[in-house]
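Given below, in the form of structure tokens, are the structures.
Presented sequentially are two complexes of chain A, the first with chain B as partner and the second with chain C.
On to the complex of A and B.
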């Protein structure tokens, strides 16, 4: 069997760094080293985010040259991104030069552009969820789907408080569902996710998975 | 709720918010160019905002300022961080293999932090929480109802975990199948998973409903306070 070991240096770096950070969680003497490496990781993650933003920008600048209907949207995206960055740099300049770190215009963008869109997307989800729920019931009517919607209905009825519809028993049933069976299921799911995370993480630290080569 | 307009910038902002809300709400009629326009504005603004926050809160205080104004040790440490950071930029250039080392550091640290966080932040606390639910001294309640509830929580936790056990023993000439008792406990686990997702669905739906009420209230106030005045002036 031929075995080709790809990216040996990168694998060695990932394994050694990972082992040092992991040991810092359980060996007190290695804790300062863990904090230093976590700081390095934080800076690298921040730079990776910037690389991602630059990549997004370059992809949409290329798309702007296309003669299809999406090129206009790409232009809007590039303008929105550059404007936000420009205003952000202006606010940063003001913060450091004049000691005025209130980020007035960046906050304006957040309050009047980002937040309305985010809240509206969330609001549209109220409609989408009802549509998805009816779609699920039409496509797959089994005991689990019926049980799922029965629970949803009970929790919703127990959560709303209307003067003409005040049934304390519904609140008690909701409280019991949320605090007992849902906690059992959620614990199982959380433990499963944690076990999956540990397995995947250990595979990377042991060099079995190498998502950095490429 | 009043719109609290104190300046021209506030007025322009509220007007923009009104237009953007309508653009996003047009999605109710199906995917359309107006919704896509709002989505692209949102992606652009979010990416720019994330970049600004990252630069101001992480890169300037952790990398750039220590490099310029820090002591000798801090400067060397910052240079040590700057080199792999520059390598990361190589990922979007033709020499992207140079970025693999920096990526390896990031992945190694991330994997170890995820493993450590999963053990200390989820695995141990959730296991202790499950054990405590049947420990009378932890709750102080020894009634039969408490025992029953604790039993349900433990049954839910174990059966949900077992539902995700897909290990099978294959025999020649037979379709691989899970053990019968795992299959049966898995069915109970499915009920608990449906209950948990039902509760999550209801929670998300209530949050979405709250957002919908807030947006409709905003649109109504805008039309009442500004829209009618604008119409009257025209």
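On to the complex of A and C.
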């Protein structure tokens, strides 16, 4: 019988590391060990990012061989990735060898390629959100939909300083909405997130939950 | 009752059982006990035989046979005991048996009967004629050839035996043969061979003549008509009573010759063919006076024995035939009855085969022969001896119905009627193969050590187990490793039996899964559709409004009034001394850089105005580049130099864990700057040991989760260092609770473009946020107007639709 060593080993490591890091908050003597484990975790995360980039590159290299329309997209991605990587290594070489840490070519790519593209996508999203909001009352008209529609409209218009919007009642309504219901709802979300985080941590420490595919 | 534990299963069995009643393993080994061994039933195969008293061999006989013979315990003859009830004992009470009262046999006579026979033998030579009158005709007729034996015709081993006998004879001339001969002669196969070799041919012929005359039924003495084995039994039963010290040698000689099958073998081998034939003719006439065919009345097991002999003798000319004859002599009726069925030719063949030299004989047979040399039967007890080869007795038995009532079950089953029903004749029975011997006869055969020749035969024909609990058993499979062959286990079918309905569900599921992978082509939309037009219309309104705002230099919208949280940040930065180390985290994505740069521009500007030493980190991979881009695009006027006024430590991997590590020991986690320089050698950072040593921590993020991580992991370690945040409008709702908490986890907050604009207004420096404010406001208004119009239109259209439906329903 083949013994699956991976699952119990991964579980044991997760439990022990979790217990040590948790005990570091309460036991001062365990804090150095906690710090060591945190450093190891940070390095592993950096390696995981590098592994992710390599995996992305290998996947799209394989897709380049496919004779479909998406192969060109993969080709563009691979070329862009390799070009950016080469430029980054070039800027790092210049910075380390010649003491010129301006990262000129890297900033150029970021300023004129990456940021405009992503910003444009955000602009399109703004248009899409407005278009979706126009259909809010078209699909279902009830009190909840009507209330949601008017709250959105009030908050949007309340964020600007129109003279016609400077009515005291409107300002008070917006302030009440932002500071009371919104903050209350956000606190509820944060409390839920905190409880969920604690529960997940305990489950991992107890070995009940194994998100690491153990 | 004594128990006998089974050697195989260990379970107790009654002592009288031959085989285990549980596992049917043999409890008593099938071996001949060596001489001198009290347990005559135990002789391991292959053990060297030793000289033994043939009287002890009687013990090897089955109990029932010993009971029948009455010699089981010579010291305790019990004529009145239960042995009298035995079926054989009834023969003694028959009228014929009463005719012959053999002399009693004493136990002492058994020890040296042969010596006495020797003495009597000498006397016999001198008084043969007179001895003929006293002798019993049947016994003399049995071995007529014994008197014709000449030394020239004898084989060597018989000559040797003769020499031994004569030697023994001289040493023990005074033994009384009457007391011992009956038992010992039946058991010793070669005892009398040497004796009879001293007979002259003439004497033998004369003796045959006398036998012929005495065998006349009409002139026979009462009791002489009885079979000798019946007389022997009678004599044995009364052996204690009769103690005849001397026996006439004339009577011994024929008895000795008839006592053992192997004696006859040796004797008859020296016969001339004519003589032997004559003798056999006489025997035939004596044995079957009524013309009964030999073998017809015999049970089949006896016929099988005969057939086995006749079939085996020509095939096995070696000493094994002699052994088999000896083995068969142990059966109660085997030889004496079966011999009557032998034809003349087979007798002669068999006798010829008996000429095997002594060297070829097995050791145990030689010892038997030697023991026979010492023991001689008494002439007086000839009539009571059981002669396995006395064929005339079988003829008498066959003619009489004495077994009709007294035969045991197993013997009566093989009656003449059955034979007749089966249509078996004597010849048919002769053809019965040896393999069909009864089991009990086979069981009584002693286990012998296979010789080389035997081993060859065994290899070719059959295999006899020579050791272990199965010793002596034939035709068993030898334990060879090659027999056991490993085979692959039969493959079991694990095919799942699926019902028809289940198969339908499976097919449906497979279809659904297959369809999931297929990308359905979007339905072709008309070039001009309502949604497409509306979408383009909304985009056009937004672009035109925002564009118009950017193109206009007029400020249509006043700047928002600063909030309390914005003022908190301003006050905290304003309180910082010059060159204070400030940690700034750029944790936002490039997509939101338009908003985030405008939000953070006023705050960073204020920090630079205060002359703080900025340390930039980021938990986002694009954060370091964003920092450089931000400083180059928004804070170029300050001309901050990397390494002198700020340092970009780069990306902190590991998310919350990395951030926590950085909080504990920033110098160890991020030892180098973004450009590879040693970041912590710079003057403001030399005293930084932990994140709490920074004067202020500012987090610029567009993600509420990132802000939460900073609050949860960093803020508790900051002690007195304030944690400020500049967040996007979408993250404000989740960050504000930390600001409004008590105590505050976030000391100051700049949220969204209105917060950034107010902060710039607060510090009194126009910046990026104020430049965006008109466009932002117009865009918000345009979006609000679109939403309002679309909302009203949706309400109107929905009402129209409802009326249309009502009218259709009413119609």
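Methods note: the second predicted complex is superposed on the first by the 189 of 214 C-alpha atoms of A that agree within 3 Å, B and C clash if a C-alpha of one lies under 4 Å from a C-alpha of the other, contacts with A are read in each partner's own complex, and residues count from 1 in each chain.
Methods note: a contact is a pair of C-beta atoms (placed from the backbone, for glycine too) under 8 Å apart; a residue touches a chain by one contact, two chains touch by 3 or more.
Here the structure is a predicted model, which means the values were calculated and not measured.
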First, second, both or neither for A:28, with chain B first and chain C second: neither
Contacts of A:138 with chain B and chain C, given as first, second, both or neither: second
Which superposed partner A:49 touches (first chain B, second chain C, both, neither): both
Which superposed partner A:107 touches (first chain B, second chain C, both, neither): second
Which partner, chain B or chain C, touches more chain A residues: B
Which superposed partner A:152 touches (first chain B, second chain C, both, neither): both
Which of chain B and chain C A:162 touches, first, second, both or neither: second
First, second, both or neither for A:122, with chain B first and chain C second: both
First, second, both or neither for A:73, with chain B first and chain C second: first
Intersection of chain A interface sets (partners chain B, chain C): 38-39, 41-46, 49, 92, 95, 106, 110-111, 114-115, 118-119, 121-122, 126-127, 133, 149, 152, 156, 159, 178, 182-183, 185-187, 189-190, 193
Residues of chain C touching chain A in the complex: 534-535, 538-539, 542, 557-560, 589-594, 621-622, 625-626, 628-629, 632-633, 642-643, 652-655, 657-658, 660-661, 664-665, 668-669, 673-677, 708, 729, 733-734, 736-737, 740, 752, 754, 776-777, 779-781, 783-784, 786-788, 790-791, 794-795, 797-798
Touch list for chain A against partner chain B, complex: 7, 9-11, 13-22, 24-25, 36-51, 53-56, 58, 69-70, 73-74, 76-85, 88-89, 91-92, 95, 106, 108-127, 129, 133, 144, 147-152, 155-156, 159, 177-178, 180-195, 197-198, 200-202, 204-205, 211-214
Touch list for chain A against partner chain C, complex: 31, 35, 38-39, 41-46, 49, 92, 95-96, 99, 101-103, 106-107, 110-111, 114-115, 118-119, 121-122, 126-127, 130-131, 133-138, 141, 149, 152-153, 156-157, 159-163, 178-179, 182-183, 185-187, 189-190, 193
Touch list for chain B against partner chain A, complex: 9, 12-14, 16-17, 20-21, 24-25, 27-28, 33, 36-38, 40-52, 54-56, 58-60, 62-63, 77, 80-81, 84-85, 88-89, 91-92, 96, 100-120, 122-123, 126-127, 129-130, 149, 152-161, 163-164, 189-199, 201-209, 211-212, 214-216, 218
